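Same chain, two partners: chain A is paired with chain B first, then with chain C.
After this line comes the complex of A and B, so read on.
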């Protein structure tokens, strides 16, 4: 585990709802991201994936667990050290327009990390900003524009440029394409993939769409109701999903391609109904309310622990882990996906 | 009245056209007037038809537009024979100076307090805002009179006392705006970038809050002006030989039945300036609304 860019152990984040009811948004999640690795985190809205990312950057406080970010234990950092560390772990946000200060121009926004961390003089800064704009495909004449004058795709490019200008070790992308038009999504995803390859940056890539994650990630984690239910290398996860929830998600993304109807039925069976409320989570396995394989004992009593599936011998980061009592007995879905990106 | 015109213009675009165009361009008349006032304040000598301090028993209490040996007195003369119009021009500088400086200090204090209260919330919020409310509950005008009569009237003390009248208003508005801005993703982005709290407040919160208090600032200049006039009128504000419009009104009061112009004309001038500030603030409001 040495040299990990981000290492999260048993993270627990609790919040209070608006009427003061406490609930657990992230419940004992662990994950590791190595240098230059892209970790895709998927799950439904409200499953705690954004909270996990924010807690990992200490933008939100966490109640227990350990986070090592770029080799530093977050619990040991004081405010000053934390601010210095943030230069190396920027974030790209879901709402591109909202994440840009409307009173600043593009040049100032992209150059802000340099200014905040005093990394370059005024002249130097402008040159670096222009260089960065070219890298992310922003026309030079946009330098003096305000965010409202840009298109959604351009706004997100500004967000990406701002994140990458300080040569970070880890970039957290919180659903960076969810708010964009479908036609723009591919451009932004390709840009991110291209930058990842060129800059050797690690990414924590959050999405609620498995298809988006599939193209970009080395490893994928699936979250459900505050817990990590399955985690595996990307090909492995798509070829051999073990958790019934993952099986449903994987079946869902390609139902349009082949065997449409069959797949839809599979999705229906594996992920029927609605996600339960975090305020009132079921006892035992979080997924039991929707799972076709759930049994009274142990599923409705004991929370399943993450178990290592075959492939563990390949080494730590190749492991395939699943948190399900019955994973060994569950039949593989009739139609698995061909591996590949 | 103006709101009525606005609704009419919106409801019937064709019929309200002429009125709307007046609304669209009328503001510059007020702006021009304020520019003239600023010029009076900057270089009064250029505008004063007479030496405002020169006494002349032979031309005491001349009514407006009367002609003496020296020439025409547009606003008449006072009981010592000084030209009122010249005195009004001379008083502009101190009147505006006190109002602008006091309002600016009050606004600065209020903006700082409001940003801190709104950004941090919790205990600081409650403490600061209760402080403002406690002060608002007191009749500050009376407190100002008390303070000024105790410390002795002077322009400096006036400039210290007047901001206490306005800062809670700024604090309240800025706090409300800050609460809104604080939730924006760009604030989280700034924190994630590694900005310090002062950096977040002054480079991200302040620029997004200031345009919305511009209107309030202009209106409050008018309020402070009236307050200063009131205090000077009561004798605890500006003292002779300094001149402000409030002081002119006070000086003319005993002679109201004999020489109405001594109180009415400086009063009208004061009223028109406050009106202009209000009209201009409406214009700012439209501008801020369009920008948001």
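After this line comes the complex of A and C, so read on.
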């Protein structure tokens, strides 16, 4: 496990609903992120992807399981050590404007982590901020502007600069481009790709949109109702999704192409109905209520364990894993993404 | 494929002619829609695509004269629905059209539904107002409608309040209200943007089925070409309050002409893309709508722009029976040897 940036084992996070009912938001999830690796975590509302990320930084407590972050076991850290560790694991949020203090100017916002963690003096700070602004493509003259005076894309660049200024080991991006217009979204995705390549920083990239995740991730994990249902290298996941839910998500990527109607019908077949309530999860496989392949035995009785689909030649943890009782018998849907040229 | 051509003699269902809408705000006059024209036949589906501030929503809500809280609004042009100019109707006449002959669905079902009224009654209310149905008849029809749009156990869920429904189920209720009076036109403004992707597919499929069953025309307003591909016969691309390109949907993916359309299409996921493919974004920002624009609004971001583009506004150039592109280079671009049949490929 040495060299791992983040290693999560059998993580369980339980919450209480507003009327006191307990529910399990993350249910026995494991994942590993290596140095410089980008892990894309996808799933729909309530699947636990954001909770998992927050628990990995211990921003939310977890009930059981183990998290090793930048080589440290979170269970062994006191509050001071935890804060010190977290400054190397910043977050980038969905709503760029809402996550920036409206009273501060751009320079101060970007330099704030250096000040809070006492990492640089005032003069050094300003130089570092300007360097960072150039890196993320913010013109120098914006240094004194306030967030409201910036466009959405510029605001998100400020969020990215602030995240990267502490030379992080892991950056957690929670839906970083969902609030942006299409033409601006592409600019930010390219920027994140450049930064990933240049800075060799690891990313945990959370999104509901598989198409976005596909652009940036080395590995992708799919969560559903608190569980990891499939995990694979990015090309493998899109070309050969094994779990019926992943197949539905891949088919649900709306392409600017003909045949849209057939794809919608395929999605409806693979992902019928709606996500059940976390307060009353189904017995057995979490997906059995929507799955076209579900059988009474074992799907409605036994929770499927993650099985290895195909290991890579080097035998490292690069494998394709799926948690489905029937994955080996499920036919490949007609509409999946074949690997590109 | 329903083309733009109309049957001889019969007027189109909807004819929008040189529609302009501007809001007078403290910061000056904001031109939200500038010179929008299109026609829509019975049963036809049009996708209106654009980014924030493109005028796609205001242009469509103007059909229903819904301007939100703005009362200081200037509207010019004409919106003829079955030959009647809706901009000239009285407020009473207009209220019969809204929800009756023209239904609408908005992005956020929670704010569009009355939170303290059972969902069934919200559907029945519309039926009784527009069709004069009795209480019992309206209730029976409502249960049928809720069942048709995919609400399980519709008869019992009739009495529940919107908050006990999921986002997808609320949007189904909105669809039931919108189609209750069998409108001739349904306007759906970002109908699936707030929904999860698998539920989005279900709702788009439902809209498509209902359109065919009821013979409704449909206007889908969206930022997503994927939504257009799945639901629309024709597409109108808007940018900075102006129409840029208007063509059949299958033309769009093979013969997109306008540089802005081409730029957007490069950013849409495609089967042919490999993962980690580098995107070619449209550099720069859209213009402020408070500043006057002499030429083409896309000129500052356009990599093909010539001198004329900044000086004169390009008129829509006709490239085919139902294909128009507002670009000075439209004809030249249409003749290109290497037609942009794969505009998403790197040069």
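Assume the second predicted complex is superposed on the first by the 330 of 341 C-alpha atoms of A that agree within 3 Å, B and C clash if a C-alpha of one lies under 4 Å from a C-alpha of the other, contacts with A are read in each partner's own complex, and residues count from 1 in each chain.
Operating definition for what follows: a residue touches a chain if its C-beta (ideal position, glycine included) is under 8 Å from a C-beta of that chain, and two chains touch if they have at least 3 such contacts.
Here the structure is a predicted model, which is why all the values come from computation and not from measurement.
Enquirer: Superposed on chain A, are chain B and chain C clashing or fitting side by side?
Expert: On the superposed model, which is not a single observed complex, chain B and chain C fit side by side.
Enquirer: In the overlay, answer first, second, both or neither for which of chain B and chain C A:274 touches.
Expert: The answer is second: A:274 touches chain C but not chain B.
Enquirer: Looking at the overlay, does A:178 come into contact with chain B only (first), chain C only (second), both, or neither?
Expert: In the superposed model, A:178 contacts neither chain B nor chain C.
Enquirer: Between chain B and chain C, point out the one touching more chain A residues.
Expert: Touched residues of chain A are more numerous for C.
Enquirer: Let me test your reading of the model: by the given contact rule, A:45 touches which partner, first (chain B), second (chain C), both or neither?
Expert: In the superposition, A:45 touches chain C alone.
Enquirer: Name the contact category of A:193: first (chain B only), second (chain C only), both, or neither.
Expert: second
Enquirer: After the fit on chain A, how big is the angle at chain A between chain B and chain C, using C-alpha centres and going to the nearest 10 degrees?
Expert: 80
Enquirer: So in the superposed three-chain picture, is A:289 touching just chain B, just chain C, both, or none of them (first/second/both/neither)?
Expert: After superposing on A, A:289 lies clear of both chain B and chain C.
Enquirer: If you stack the two complexes on chain A, which partner ends up touching A:66: first (chain B), second (chain C), both, or neither?
Expert: The answer is neither, since A:66 touches no partner chain.
Enquirer: With the two structures laid over each other on chain A, which partner does A:105 touch: chain B (first), chain C (second), both, or neither?
Expert: neither
Enquirer: Which of the two partners, first being chain B and second being chain C, lies in contact with A:209: first, second, both, or neither?
Expert: After superposition on chain A, A:209 lies in contact with chain C alone.
Enquirer: Closest pair of CA atoms, one in chain B and one in chain C, after superposing: how far apart in Å?
Expert: Once the two complexes are overlaid, chain B and chain C approach no closer than 13 Å between C-alpha atoms.
Enquirer: Enumerate the residues of chain A that count as touching chain B in its complex and touching chain C in the other.
Expert: Looking at chain A, the two contact sets are disjoint.
Enquirer: Within their complex, state which residues of chain B touch chain A.
Expert: 184-186, 188-196, 199, 204, 207-208
Enquirer: Could you pull out which chain A residues touch chain C in their complex?
Expert: Chain A reaches chain C through residues 44-45, 151, 153, 181-187, 189-190, 193, 208-211, 214-217, 234-235, 238, 248-249, 251-258, 260-261, 263-265, 267-268, 271, 274-275, 337-341.
Enquirer: Where on chain C is chain A touching in the complex?
Expert: Touch list, chain C to chain A: 51-52, 166-169, 196-202, 204-205, 208, 223-231, 249-250, 252-253, 263-265, 267-283, 285.
Enquirer: Going by the contact rule at the top, pick out the chain A residues touching chain B in the complex.
Expert: Those in contact with chain B are residues 57, 59, 83-87, 90-91, 93-95, 98-104, 112-113, 116-117, 159, 162.
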